Structure formats: C-alpha cells, structure tokens
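In the two complexes below, subunit A is the common chain; its partner is subunit B in one and subunit C in the other.
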Partner chain A sequence: MTQAGGHTERVRQRTHEGFLRHKGFLWAQVATGLCVVVIGVYWLTAIRLHEPPSGGSWLGYLLGTMGAGLIVWLACLGVRKRVITAGHYSLKAWVSAHVYLGLSLIVIATLHTGFQFGWNIHTLAYALMMLVIASGAVGIWAYATLPERLHGNRGETTRRQMLDMIESQDRQLHELAQPLDRDGAAVVRLSIEDTDLGGGFWKRLTGSYDDCANRRALARLRNLPSPTSAKQAEALTKIEQVMQQKAETLALARRQMQITAVLEGWLFVHIPATFALLAALTAHIVSVFTYW
Partner chain B sequence: MSEVYKIAIIGSGPAGMSAAARAAKKGISHILLEKTDHLSDTIYRYQKGKHVMATPSVLVLRAECEFDAGKREKILDQWNNDVKAAGVNVKFNAEVKAISGDKGAFTIELKAGGAIQAENVILAVGTQGNPNLMRCEGGNLPHVQYSLDDPGEYTDEHITVVGGGDAGIENALGLIADAGQNNTLTLLNRGADFPTAKKPNVDALLAARDAGRITVMTETQAALVEPGWLTVDTPQGQTRYKCDRIIARMGAAPPRAFVEAAGVQFASPDRSAFPTLTPTFESTSKPGIYVIGALAGYPLIKHCMNQGYDVVEFISGNTTLEPADEPLLQEKLKGLPGRRSVSEWLEFLRSRVEILNGLSPLQMREFLLDSQVRAYKAGEPIFVRNEPGSSLFGIAEGSVKVEVDPSNPNITVPIGESSIFGEVGLISGRKRGATIRAAEPTICVEIPRMAALKLMSQVPQARETVQRITTERQVLQIFKSGLTPADIAEVLAGAEVFEVKPGEAIINEGDISDDLYIIRSGSMIVEKNLGGKPVFMSYVPAGSYSGEMAMIERSPRVATVKAAIRSTVVKLPAEPFRALLARKPELAKRMTDEMRARREINEFIESQKEEFGGAVDMYSSVANFLIKQGIGEATDVLLIDESLCVGCDNCEKACADSHDGLSRLNREAGTTFANIHVPTSCRHCEHPHCMSDCPPNAIRRGPDGEVFINETCIGCGNCQRACPYGVIQMDKPPPKKPPLWEWMLFGKGPGPGQPPYEWRKKAAKAEGGESPKLAIKCDMCSGKAGGPACVRACPTGAAIRVTPDAFLSVARIEKAG
Partner chain C sequence: MAQDFQLKLITERAGGGDPIVRERRVEGPQASIGRGADNDIVLADLSVDPIHARLRFTGPGRVSIEAATGLTVEVNGKAVPRADLSAASRPVVRIASYTLAFEPGEGEGVVITVTREADERHLTPSVFSLQSRVFGRRNMAWAFGSGIFLVCLLVPLLAVLWFNENKLIHPDEQWSSGPLSTAHAFLESDCKSCHANAFVAVRDDACLSCHQAGESGPKALARAKEAGSPFQPLLVVDHAPRERLSKGTPLPDGIGAKISTVIQRAVGHPTDRCASCHIEHTKPTAKPVDAAAPLTDKPTLVVVNDCQSCHARLKMRLSDTELVDTPDWNRHPAFKPLIMTAAGPKPQFQRVALTSGPQERNGLTFPHRMHMDPRGGVARQAIELGKAAGYGSPLDCGSCHEAKGVGFRPIEMEKDCGTCHSLAYARNADGSLKLLPHGELQKVVDTLAGRTLAAPGGAGRERPGTIRPTMFAASGASAYRATFSPGGTCYDCHSINWEGDVVKMAPVKLTQRYMPRGAFDHSIAEHGALGKTGKAGAFKCADCHKAQTSDRASDVLVPDLAKCSTCHGQPTSKIAAADDADCTTCHAFHQPGEATPKPGHPPLNTLRWTQMMSRRPGA
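Moving on to the complex of A and B:
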C-alpha cells in the first residue's frame, strides 16, 4: 500500500481471466517447465545406471522432498480459501497454481517411485495421491464446463425463490382442494405432504425421482372417478394445472441440485482422499527413516 | 376572570411550553392555553414509537424543559413532568376564538366561552393544529380522522388514506407494513405525481403498489363519504368502494386568518409566507404579540424551545440576552485575526462572500453553526490533491491559488476574494482534484456538503452563483489548453444548464445542430444507426464533452447521444466556441485530435459490424443491458462471469468474514445477460442516492472512491429506501464466531461466512444485550491493502470489479471478434 497525499492506492484484480487462463497460463508454464526439467534430470541420471534410480537414491530423495512439499502446500488451499485476510492475495491465482502444480505431481511422484510398486504403505501413499489427482481432474472438468449449465438452468431465479414458488403452489393446492371429497383430498395431501425436494446426495446426483410424491399424486389424480359436482370438476382441473406447474418447478430445482451435486461431488473424494494421503505420506516418510 | 396576566401563551407545543416554563420559573404571571386536553398536540399525534430527532445537533438547548432525540412517548412524558415541575399554569380545552386589544391590554376570547386578559400574547400555535379538512359530503363523519397514532391498531379493515404527501404515504406504508394485519389499503392523490413527498417515500409507495399491497389512485378526489363506503371522482368517472376508515393527510396551513385578525401582518400574500417580526419575535404591525415556533418559520423542536425561553426574557425586559448559540459561535471564531465580535464576523462574512449575500442575520447564525471559519498563512495548503473532502470554501479575505498541474506546483490559477472553491466535491462527493494554497494571508469559510446543499436550496442567489462558477471551472478544466476565465466569458454567456431524463437524447443522428455539450453529472451513451439497428458506440462519463464533430465540421450529427441515467448537461453555443477555437490554436488542435480518436473508434465499430456483425451486436446489447442495470451511474461495480462461477458463494463468505460477519452482497440475486451477472451489490454511484437524505451525514466517499457508512449511523433506514438497487440492508452485527481453527478441528461455531439466523439468535441470547439495527453496505473493503475481498476470494476468477468506462470499451469487440 502506498500513501500518496492521503490516498491509498490499492492493488485491484480487474483482469477478466478464468483460473485456468490466469496470467496467460503462467502456472501451466511453470508446471510444464518443472516436469521437463525433472524428466530430463531423471533421464540423464537413469541412462548411466543399470536400473532406474529408486526412492532411495539422491534423486529419489530430492523428488520425494519436492513431492511431499508440494502435497502439503496444495493441501493448504483449504485454509487459504477460508481465511480471509486483508493482504494482497488472489484465490484464483492459488487455484490456478494448485491445478497445474497438482498435475505436475503425476510426473514428480511417479519418477520418485523409480517405478517400484508393491503391496506396501509406500505404494498406498502413491495410489492415494493418484486418486486425489484423478478426482481433482474431475473437478477441473466440472469447473470448466458446468457453470454455464448451472446458471443457464436457473436463469434469474434464486434458490429462495424456487422454494417460495413450491410453497405457494402448495398453498394453492390446499385451497383448491377444499371442495373435494375424501379421495381427492388424499391425493392433494400426498403432493403437499410427501413431496421430497432433494433427498440424499446420491439421489440428487443421479436426479432419479421416479417415486416423487407429486408425480404419483398427478397420476392418481388422473385416475380418480368422475367428480359428482361441477364445482369439484373445476377444482380438479385447476389442481391438475397447479400440480403440473409444481412438477416443473421441482424439475428446475432438482436440475439445479444435480449440477450443484456434480460441482461439489468430486470434493467428497478429493478432500477425504487428501487427508488419507497426508496420513499415508506421514507413515511412508516415518517408515522410510525408521527402517533406513 | 378579572386577573390580568403578564403573558398569555397560545399553543403548548415545544415553543409555547418552553415559554410557559420559563415564565413560571421566573415567577411571571402567565397562562398557557391549549386547544386539546394534552400538551404538544403535534408531537402527540406522531405515529406511535416514532423516533423524534434533535437537529441541529450543534445547537445548544436553552430551555426549562429537557429534550433529547428519542421515542415520541419518552419525550412527551419528559415534557409533562417538566411542565408540572416548573409550576406552569395550563388551561386545557381552551381554543382561542379571537384576540383583540393592544399591548398592555389584550383580550383573548375562548371558543368555550369566557375571556382572558393579558398584557402580552405569545402566539405559538404552529401550523399542524390546522389540518386541511375533507370538504366533500360526509367529511365530518366519525370514521374520518386526521391523524394516525398507532398503525398496528387496525386489522382487517378497508382503509383509505387521502393525500400523497409524506404524512399520507408514511401512514399508508405503516398500515401495510405487517401483512398479518390484513388491511386493504387505498391511497388517493389529487395530482398525477407526488411532488411534495420525499423520493424514498414515493418509491416505497410505488413498490408496494406494484407488489399489489396497496391501491394507489392518482388524479382522484373523494366525492362522498358514507359509513362503510367511499365514492371517488377518478379521471374515468365515479367509483364507489368499501371503506371502513378514512385517514386524511392533506397538509396543514398556518391559521393565517386567525393570526391576521389579531393584527399581525405577513411578509407576503404567498401561502407559505411568515409573519414579519422584529429580532425579538415581536410583530412589527401589532406590538405586544410575539410569534415563535413553526408559525414564525422555525419548524425544528430545538429552535422552538430556545425561542420560547428567549421571548419570555425579551418580554421581561432582558435586552442584553445573547442568542443561545452565541458561546458556540464565539468559540468558533476565537483565535481569528481581526478582533471582531460575533455579529461583526457574521456581517463580515455575509457581505464579503458572494454566495452568502442573500442571507438574513438569523440564517447566517444557523449557517455558521454548521460551518468553520479559518485563517491561513500565505502558502499554507487549504486542501491537498486526492484528499477526501466534499466541503465548499468561500473566500472572505485574501485569495488562493490552485495547483492545476500535479507534476509542476508552480503552475497555478488564482481565485480571488468573495469567490468559492471546492465546489466539485459538492457535486460528486469525490476526492479533491487539485491542491489549493493560500496566495496571501487569507480567511476562508468552510461549508460542509450538507450545509452547502441546504444553502443552495434555500437561497436562490447562492444556487445561481454556485452554478455559474461551476460551469466556468468545468469548461476550463475539460478544455485546459491554458484558457482563462476571460477567454471563455463569451461562450459561457450563452451557456445553458439543463437536466436530461434517462433515455432522452441531447443529440439526434442526422440533425442539423452544432452546439457542444458538457456532461456535468450522470453519463451519456453514443449510438449510431447501423443496418437499421441502433449500435452502441461509446460511453461518455461525467466530466467530458460531446457533440464536437458537428461543431467543428459544420456537418449533420453523426450519432445519437442520449442520457444513460438522469444527467445534467451544459449546452455551449457553437458560434462563440468556434470563435474561441479560432483564437486558440492549441485548443483547436487538442479538440481535433480527440475528435479523430473518437472517429477512429466509430469507424472501427462500423467496419467490424460489416465483417463480424454478431460480435458488434453482442457488444452493443451487453452495453445496453449494463446501462439498464444502472451501470451508467456506477463508479465501481461487481460483475460475475457466469461461465466461470461455480456457485460456491465464497465471495459472500469472504465479504461476511471481512465485515463483522455480515455479507453485503447477494451473489445469486440480480439480473443476468449473456453470462454477465450483476449481483445485488453496491455500485458506488457517481451521485449516490443513499447520500441524499442521511440525517447524521454518515454516508461518505472514501479515498478510493468507495461510498461507505461510518459509525455515526442512527439506523433510520433512509438510505435503504433511497437506494434503487436494493443493496443496503438494516441489520445488527452477529456475535463473534469462535476462531476458524476451532471450527476446522472441532466443528465449533458456524464456520466461514455469514452465520445462519438460528445460530445468531442463540449466540446473541447467550451474549446478552441488544444492539440496534444499522445500515450496512459494501465499503469496497475500505482500508484493506488487498482490495475487495469478494474478488480476491473468488477461486475461479468469475468475480471482477470494473469501472463502466473501462468495461464498456471496444476492447470487448476485439476480444469477441
């Protein structure tokens, strides 16, 4: 912050670039450069040896230290995202670096293994890391492709408005049901009381709502015996219309939840796998130094 | 009734009550006559729980009764106790019919019968005791009322409010505030518009109408009142509808006939004129009758109470009484060179500073209470470039020099005695554009923005002077090129300042006209008809000019220029300007260069339109969308690129966590066009609507152009109602959250972001204590080195903050094309 005549000149993030293109793919270039250098050094070292350098070699230790350092730093994104400090930082830049440096781990860690795999804690740590990276790749795909669908789906309707719409449709149904007989009222009650908007994560992710109470109510409504009075007939017609509208609102809200579920879903693998990785990594490092 | 009172006081409002209390304390024989059965009927009839303000805050209260800002009930209780304690002789239900006689022997005739003899009469009846009545048939029925005490009292009723002034609108809004009361509201307004009401009130009323919560009938008058029904005359004819209660708020008039009948003359036949009085409040035409309070033209409670005290002192022969504000002014003027008394200073400033010439001595006193007088040594800075500040300065003695070139302080422009400076801050509330130093020993009066605006609205002469000087300076500033006021005098002589409504054109494509326009406030958009469709060419912010091509080249207009928002423009006639260009080749070159640059942009867009029509159409429609969203008056706006936004709401969380736990933006709300989403978040308008009516003047513009609310906010909600973008909320900061690591490790507290309502309620209960709801809005993370947290915390780069002129540039076509 520079002071000039009582005026605070602050740094402003005004450039309009997504996290993948951040600063003209700066971090992609850094990560690629890192990979090229690492592969080059590895190759130069390997051609002079009978078998490729393992984790125990000087190069292995170097790559291992780099990899472990990167993993710990990458995991810090979770903290960076949540601690809103006043200083100059850009979460976008962090995410950009996180993505590309995270991908570079594929090269660094694989070379660190010296292509030696087995049923041990070391390979477990490697496998967990690859799982984290794979889930992260899903995340990149989701972040790069889904936002337009997410916003295209909702238009200018907010979550709150969707819920309000359903609530108001329920109120309309309740009022329209007044002249109905017991069977008719039961159908309306089914739609009002038993409709489950979201459900569990899996349900939201797959978007399968075949058992939706509103849908069943609509089906039963159409199969009701002919009403006895004109008043009831009119009410039934209106109820069918409102239920149809409710079905549309539900579909809109559920599509929204489905896209959100995909946008969030990969994190349910990425984050726990990261913690497992940190544990396995610790075990890997401790065991390596214990059994040296 | 043989007793002759020394003083009879008519009206027990703040002024009359204060006079009576003073008389009682001094042991003067007196009587206080009140029409109703309680004191201070005007305040009594305020809406229940109304917060009564004690402005002007700098004025000292000199009275026997206490008064402080607070709830109506508390104030009335206080006064009742004070009046009792002082031993005031009050006569309730004593409406006065007529006053006759002369000084020393007045007879006051009461409506209820009987008469009172007094040597002096103090008239403190105010203006509210005389509401304009319903004149139609049935207007005297019991369900017609002229006040609304507690809007919460009425439920399930069909209520009609008559009158589209502030009182009527506030009552109507009060009655529908709680939908649970289930009232059916109708508001009748005689005219088509609501010219006398405050804009926020009108906006709130129209919003309620659009939401279907109230029926507003304009150009409509009541024709017949019947129990349960009301018939009205509308432009389409008569209608009769259900109406259980009528609340008539059609204004009040000074009871002029009554006052004049007593012999008191008014300044003019104008409806809003006041009686002519001596400095001791005595009628000039009828000695012995003293007029104080709202009837004398002072509607503020504190003024009224002080006048009550003073007038009793005057009557009892105290001629040396100094006004209550005298010590304040003495303190203020202490230490200035010249050894003048307060009244000499007042006269010195009034006669020397041009914009103060039209003020009366009483107005000068009030004015000086808000302002500061300072003496500067030669060379001393008065304000520095880029400093925040919005006050206006008047030069009473000496002169100043303006450093117009930031890189070379030796280039200065002088401003002489009696003139003003700093007027730019007054108009836009922005930081200072140049450093100004005293050229010689100088005495200046510094007038805060609010006081200056008040001055301009009350004294037409001051407004004209400020307008004239502003135009001159703006022209000099825009065209620079070493022009002097003498150079442009001829151009300015024909200058015309006028307002343009949003969407209204000042220049039409193809027209034969050649005047030049300066955009003083607001902004313009330039459109050109290409292939039968208007295409957005460029954005012209305040402080620039438009229309130079036709002026220089004497050709028809090449594009249409219309207002993006409500704007003020200055029209400069072409002929004298062309003469000026002929005399000043430097200016001519400058304008020709700029014209060429503008033409290149236009030609670029036109050529692109032929090749990449789609990209240009997109650019044009995005620009138009943003203008519709009010970007035209924004200085810095948050936009969200929906092709990048993953909906994580980290922007909202970051906002809450950097501002006492409350988010000032709503990402999801707001409108969207072509992947550009304008969330509900402050745009830091060039002329902030929220600033227009802030009683404590708590809304300021900070050093980075941010509009923020400081800690003096009283929570009145005016700004929230005034903001057309709905970005101000009234809320109280939630209790402190446990530290983040405790949440991360042990799940303690609600985690990052604005805590949910339930948690807040529980935590507030545990914490105890009530905090008031205050106005809360974006401050652009004022003072934080990293800049706005919403943008910093966006993981994907979807959130950006832009200025309209940067965002609405042709660079967008190049990108898309």
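Moving on to the complex of A and C:
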C-alpha cells in the first residue's frame, strides 16, 4: 500500500498539470454544469414568460446579475495574479476557474440578451464581452501550444545568448571593417547601426523583415567595386561570412519574437477590452435603471 | 620647445571601472586623423574616413584642423570643413563618436585628449516581449475604459439629470434597448417623454397624458399632437377604478413570475402599470396575427393576468364586489339585463336576472304577436299599403327595426309606426294632412285645443287610431278627449288616465341597450348579419327573440345565455359554427361593454391625423 502510494506521489510530481487540467478539469465541469442548468432554466422558462425574452424579465435580471458578477470576478484576476499564494486558492486554480467560467459567460450573457441586439450601449457591452472572451480563447490556445514551439525554436540557445551573439557579431564586423574605404565602411555601418531586431507589433507578428538592414548590407556588400588591396579583399570576405552568421542569428531571434508576439499579443486586446467592458457594463447597468 | 601634439587616449572599460589612459606624442607641425591604422590619431569608428582630417600648427599653441575633401568636423558644436583653434580657449572637436579636447601643452605644443563616447545601447532580453509606449496595454485599457465611461455613461447621465430641455442632441438615445413601435416611433429621441424621472419606472401618468379618455380626452389628443405624434392616440379607460383593479388582481401564475412580481413591487417597479402589459423597446413575441396590421405597429401586448385569473375568485379579494365569480364559460352568470323600472325623461333601470321573468315598465302598449301574425289584420293592412309605402307583405322584424352598425337604430314613432298609426288630425287648405306633434303630451293638447275641425268628405274605412273628425265636430272640448279615449289616436299605444278633464299619460321610453357590460355584434354572419345576408344556417331573429308570442311591450325579449352556448364553448365536433368562449369576445378591458378589438386593430394607418383631417367634411 505504502509503496503504491509512494509511486503515485512520484508520478504526480513528475507530471506537470497545467491550468487547463487543474484538478481533473474541476472548473470545466463546474462551468459546463452551470451552462446546462442555465440553458435548461431558460428553455423551460422563456416560453412561459409573459413578455418577450429580454434582460428585463426575472430570468433576465437573474442571468444579468450572474453575468455581471462573473465579469467583475474574472477581471479581478489582474489583481489576484499580483498576490502570490498557494493551496486551494492557488493562482493556478484561479486561472483555471477564470478560463472556464469566462467561457461559460458566452452562454449566460447570450441568454441574458434574450437574443435581442441593436446599436446601443447594451449590445456594445455584449460585443466587448465577446471580444474579451475571444481574445482570451486565443490566449488559451497560445498558452497551450506556443511555449513548446518557443522552446523548439531556440534549442539550447537562450535569449540572452542570442543577443550576445548579435552584439559580438557586430563587434566583429566593426573590427573587420576598419581597413575598408568609406563606401565599404558605410555598408558595414548599415548592418551594425540600422538593423532593427524586433520592430513593431505587426512586423513581429508576421515576421516579415524584407527591409532588414543586415540583409540590405549583404546585398550591397556584394555589389561593392573590387577591393584595391589584398587586405581589403580578405576583410570583405570575412565580413560577408559574419553578416551571414548574423542573418541566421537574427532569424532565430525573430522567430522567437514572432511566437512571443502571439503569446503576448492577445493580452493587448484582452486587457484593454476588459477595461472597456467594465465601463460599458457600468453604463449598461446604470442606464437600465435610469430609464427603468 | 617644439610644437608637438601631446595625445591622451582615454578608453572606457567595457565592464566599468577606471578608464585606460595612454599617452603619446606626435611631432609637429602636423598630424593626420582617420580610421586608417597609419594615421597619427587613429579613430576606430566606421563613420570616420580612413584619412579624415589633418592638424597643423599655425603658431604657438594654435593649430588648424582641416577635414578631407567633402568631409566636416564638429568644432564647438558646429560642423565646419576647417577651423583655426587656439588651445588657450580649450576648443572641443567631435568626429563621429570621438571627442578631441584641446588645451595648452608643454612649450608651444597642445594637449589633445581623445575620448570615445561609449556605446551604451545594449539589448536586453525584454526586447523579445511586445512593448509599446503609445499602444501599451495599460494606456489602451485606460483610454478605452474612460472613453466609454465618459461617452456612454457620464455625458448621457448629465444630460438626463441637468439638461432636460436640450432638443439638439440626445446622448441618451444610445441607452435605448430596442426600437419603439411605429406608433411611438416619433418619441424615439425623446426618452424623457415617457421616462419622466430618472430611476423611476415609467408611470401611467406619462401614458395617460396622451391616452386618457373621458373629460381629459381633448387635452390628451392635443398633447399627442403637440408631441409630434403622426397618429391619433386611442383613448382608454380602465374597466374598474384603479385601486379596485389592483386589489382584485392576484399574483401571476408560476413561481418565477410570482417572485418577480413581489420583488418588482417591492423595489418600485409595480406590475400594474400600463407599461407592464404594453411593452416597448422589444421585438414582438410571436408572428403578427394579422399580416396587414403587425403588432410592431403598436407596443407589444403582454397579457400577464387574463380575465379568469382575476374573476375566478374575485370575491375573495374584493369582498364588496357585486360581480359573480366566473372561473370559466360554463360558470358564466345568467344574463341580468338592465330593465327599465320607470319610463320618462329620466328613466330608471335595474338589473334583473332573466330567469326571474322580468317585466319592463316602458309605458308602451305594443303586442309583438299581433303585429307579426302573418294572417292578422296588421299583416293585411301592410299588404294593402303596398311596396310603394315600404310594406306590401306581412310585417317582419326589419319592418320596424332598422339595422345600424352592430345593432339597430332606435325606434322612432313617426317613421316606424306612423304609416299605420297616423298622427293626422286635420287637413290644410291645400288638402294635405295636419299631423299632431309626437313626444310631448302638452304640445298635443295645445295643438288640439286651438284647432277647428273641418268636416271631411266621405269617411271610408279608418285605419286604427285615425282621428275621427265626426267626434271632434261635436264640440271643441270633447275634441281632445276623443283623441285620448278608446278608439282615439293615442289610446292604442299609450296608457291613459283621466283626472276629471285632465288627461294623464304614462311616459314612454324604450330601452336601447339591455346589456351595457357586454357587446353583442348582430352584424356577424353567424349572428344573422342583421337579417341581411346571413349565412346558411345562421341565426334568424326569431331564433333568439320570442317576439311572435309576445303580447306585451313589457316582455323582455333578450335571449338567455343558453342561446349563446349553442355555439360558444362547443367543440367543432358538435357544431360547425363552434367558437371559443373567450371573455374578450364580448368584454374589452379598456372599453367596458365593447368587444375587444383584434390585435392591431384599428390599423395604425387609419389613425393618421392627416387622414382624420381629410375625412372631416369641408377640411
């Protein structure tokens, strides 16, 4: 018995349990149960409601209260994650609940609308909520798949090492270019000074670096007039080699950045949309009761 | 001392710490500056040309610097191709990332301190993360959040609370949860017209300001017009006083609805408001009943409590009500028509159950049986009068009761009885008949008192009630006595008493409506279509009204409920003309005594002011 127990312990320790599988999909079950109950109650009740289904019926108020409470609680993850604790209410548990209860909002809020949409603050709040959930879904996918790809991409090289490699290659280029004339030096300077490793959001996301300075420098290097001295000729050959090495390092680093951009990019929608949602939700609730 | 350049080459250590200082002397009078290794002063920066500039002594402690063709050097912050420098003024020359600081040296030489600006641009791994100064997560979050808060909440709220009269922009329109029905669409941007007070549910005052019937009717119409309504509002009343309605209404069926109602009442959202049943800002529940008059034309009607839900056990909630509890059609109380108990200018009425065989006191002597007997004298006379006079055959109901709308025009003596029961009492000079006034006894008396009788030529067969001139010829005083005596004009139909010489006549008034709390539509085909083109098998008058066997005008000829039950409440298997026994068929919520209009009726378009105007004669 004890042996068996010990064995189980070891297996548990070895297996990493992500936020998605936390406690055997406990929160997935809770969220699914919630959705089933809510859909069932809606189905049984909506047809018997005296008025057309809307947020203003008793069921509508109930679903609306649930939805608003959930939204506020889900948004609190931003506060919770800055506080480090462990145990039953560990951050992992929170994230797990955040993900699954967040997804259940699709059902709760949609039923709350009674399928009535329009160009108004109420539908804006709904649309923002769906945007938050959709971006969150991208986040789940990203967190579930990308770290592996990130690791596969960089191999044994750390990010720090990548940067060091580029800097060292720049130094090499600098040294090698010393014998060159003005034009030759300008080409090397282009590679050293103008190469932008990352770039903007879209550049990182799409990984399109056609205008990369190092790439242009390489092209121009090959078109330089023939060197006047053997020393220069040797320098140019070496410079071309180093620039090609640099191009490879850059490609590796940029692939890292691309994956990282996807991994982090959804938060650029998720977080601002959440704040917009909280504002729209407040406006939705206050306006409903102002013009009761 | 010779003119020489005393160089101090300072190199910063990459890892920090004291810089490395190397000193060297270059013999004058000139020295070259450049990236090339063979220069006197080597500046290992790719921005520097292999031979970039040249220094030359121009005097003790004075040097000139001259850049190679096409190049410049930066002297004291200014880019120049050449410059004369005096070491005493400690000039600073910059070439690319290098700084050459001049100062007087030993003898006539100058000291040149060469330093290189360290390149501090080291990449950190954070470069792998997405970062944006302007579109950072935090910035965007606050911008979007506060933007929506401002535009969608604060501005409209301020407009609602403090700038009520603003007619130009309506920031609160974005709060509308759905479109208004066509009837109310003109109020779309005027939220306050219904939502009068913030945080207070729409009250009936707002609705009734345009829809109140009765005395306030004209005012309501005027207000609707002023508010810009293209339609004439339907005016309504409640079918009982408001507080009695509220008291008599139970909680709706269903646990959820019950809880909801209790909570709504508790938090100031009562469920007995106009807006509780007439719902706006929502899409209609079901397909429109009538495609030509869809419900969206008017607010969606939601029936929370139907008739039975209140009237099934009304006595329990309203102990002083006179209404009988009516849980269903089968328990509908027997008809209690409104019977005239005293005729006259101010007739008195009383509701009497049909089952008790009520007799009316309308003051009239009128046997239906005699008039309708197809072989009697009346029938004979009608035939004799001929088609030209509107008769020509034995009398039927339509001979006197003329259809109008869903019922009949009131009986008029002159028109409906006068052809036989002539009011003529004399002839004018031209031979035309003089007629007694009908309706006021005194006028009749006055007319008779002031007249002289002329002997008529040849007396043929007299019609019943025709004044017999021979009688009046006897004496003036007896003239009217004869009129009010047996055989006289009035005596046939009126109850007459004499007090000495003074005639007393019982006042006559005919009941126009026996069932003022319910509507019966005679014009429906199944109901006989007012005798016009009734459906085959439809009711005829005699099926419901036993006039042919009635000898007295006091007989109440209203049929009983059982007659209605022959169709209403019967299954189709039993009778083809079966119909549901829906309360609303005869009783309207907002128009007691009228039938409930079908949803969407009257069609909205018929309520347009412009149409109303154009239909008005002369408009």
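The rule is simple: the second predicted complex is superposed on the first by the 268 of 292 C-alpha atoms of A that agree within 3 Å, B and C clash if a C-alpha of one lies under 4 Å from a C-alpha of the other, contacts with A are read in each partner's own complex, and residues count from 1 in each chain.
Note that in this section contacts are C-beta pairs under 8 Å (C-beta built on N, C-alpha and C of every residue); 3 or more make two chains touch, one makes a residue touch a chain.
Predicted model, so just to flag it, every value in this text is computed and none were measured.
In the superposed pair of complexes, A:257 makes contact with subunit C only, with no contact to subunit B.
With both structures placed on the common chain, the touch criterion links A:138 to neither subunit B nor subunit C.
The partner of subunit A that touches more of its residues, comparing subunit B with subunit C, is C. Using the contact criterion defined above for the overlaid structures, shared-chain residue A:81 touches subunit B, although it does not reach subunit C.
Legend: residue contacts after superposition of the two complexes on their common chain; A:91 is shown touching subunit B, with no touch to subunit C. When the two complexes are overlaid on their common chain A, residue A:127 makes contact with neither subunit B nor subunit C. In the superposition on chain A, contact is made by A:274 with subunit C only, not with subunit B. By the document's definition of touching, both partners, subunit B and subunit C, reach A:159.
Once the two complexes are overlaid on the shared chain, A:148 sits against subunit B while remaining clear of subunit C. Counting contacts as defined above, subunit A residues 159-160, 260 meet subunit B in one complex and subunit C in the other.
The touching residues of subunit C, counted against subunit A in their complex, run 35-37, 44, 46-47, 49-50, 122-125, 127-130, 132, 135, 137-138, 140-149, 152-153, 156-157, 160, 172, 174-179, 191, 195, 198-202, 252, 254, 256-257, 259-260, 263, 269, 279, 282-285, 300, 302-304. Taken together, the subunit A residues at the contact with subunit C in this complex read 45, 48-52, 54-59, 61, 116, 118-122, 124, 159-160, 163, 166-167, 174, 177-182, 185-186, 188-189, 192, 197-198, 200-201, 204, 253, 256-257, 260-261, 264-265, 267-268, 271-276, 278-280, 282-283, 286-292.
Those residues of subunit A that touch subunit B in the shared complex are 1, 4-8, 10-19, 22, 79, 81-92, 94-95, 142-143, 146-148, 150-151, 155-156, 158-160, 260, 263.
Those residues of subunit B lying in contact with subunit A across their complex are 384-388, 431, 435, 641-647, 650, 653-654, 657-658, 668-672, 675, 677, 703-704, 740, 744, 751-752, 781, 783-789, 791-798, 800-802, 806.
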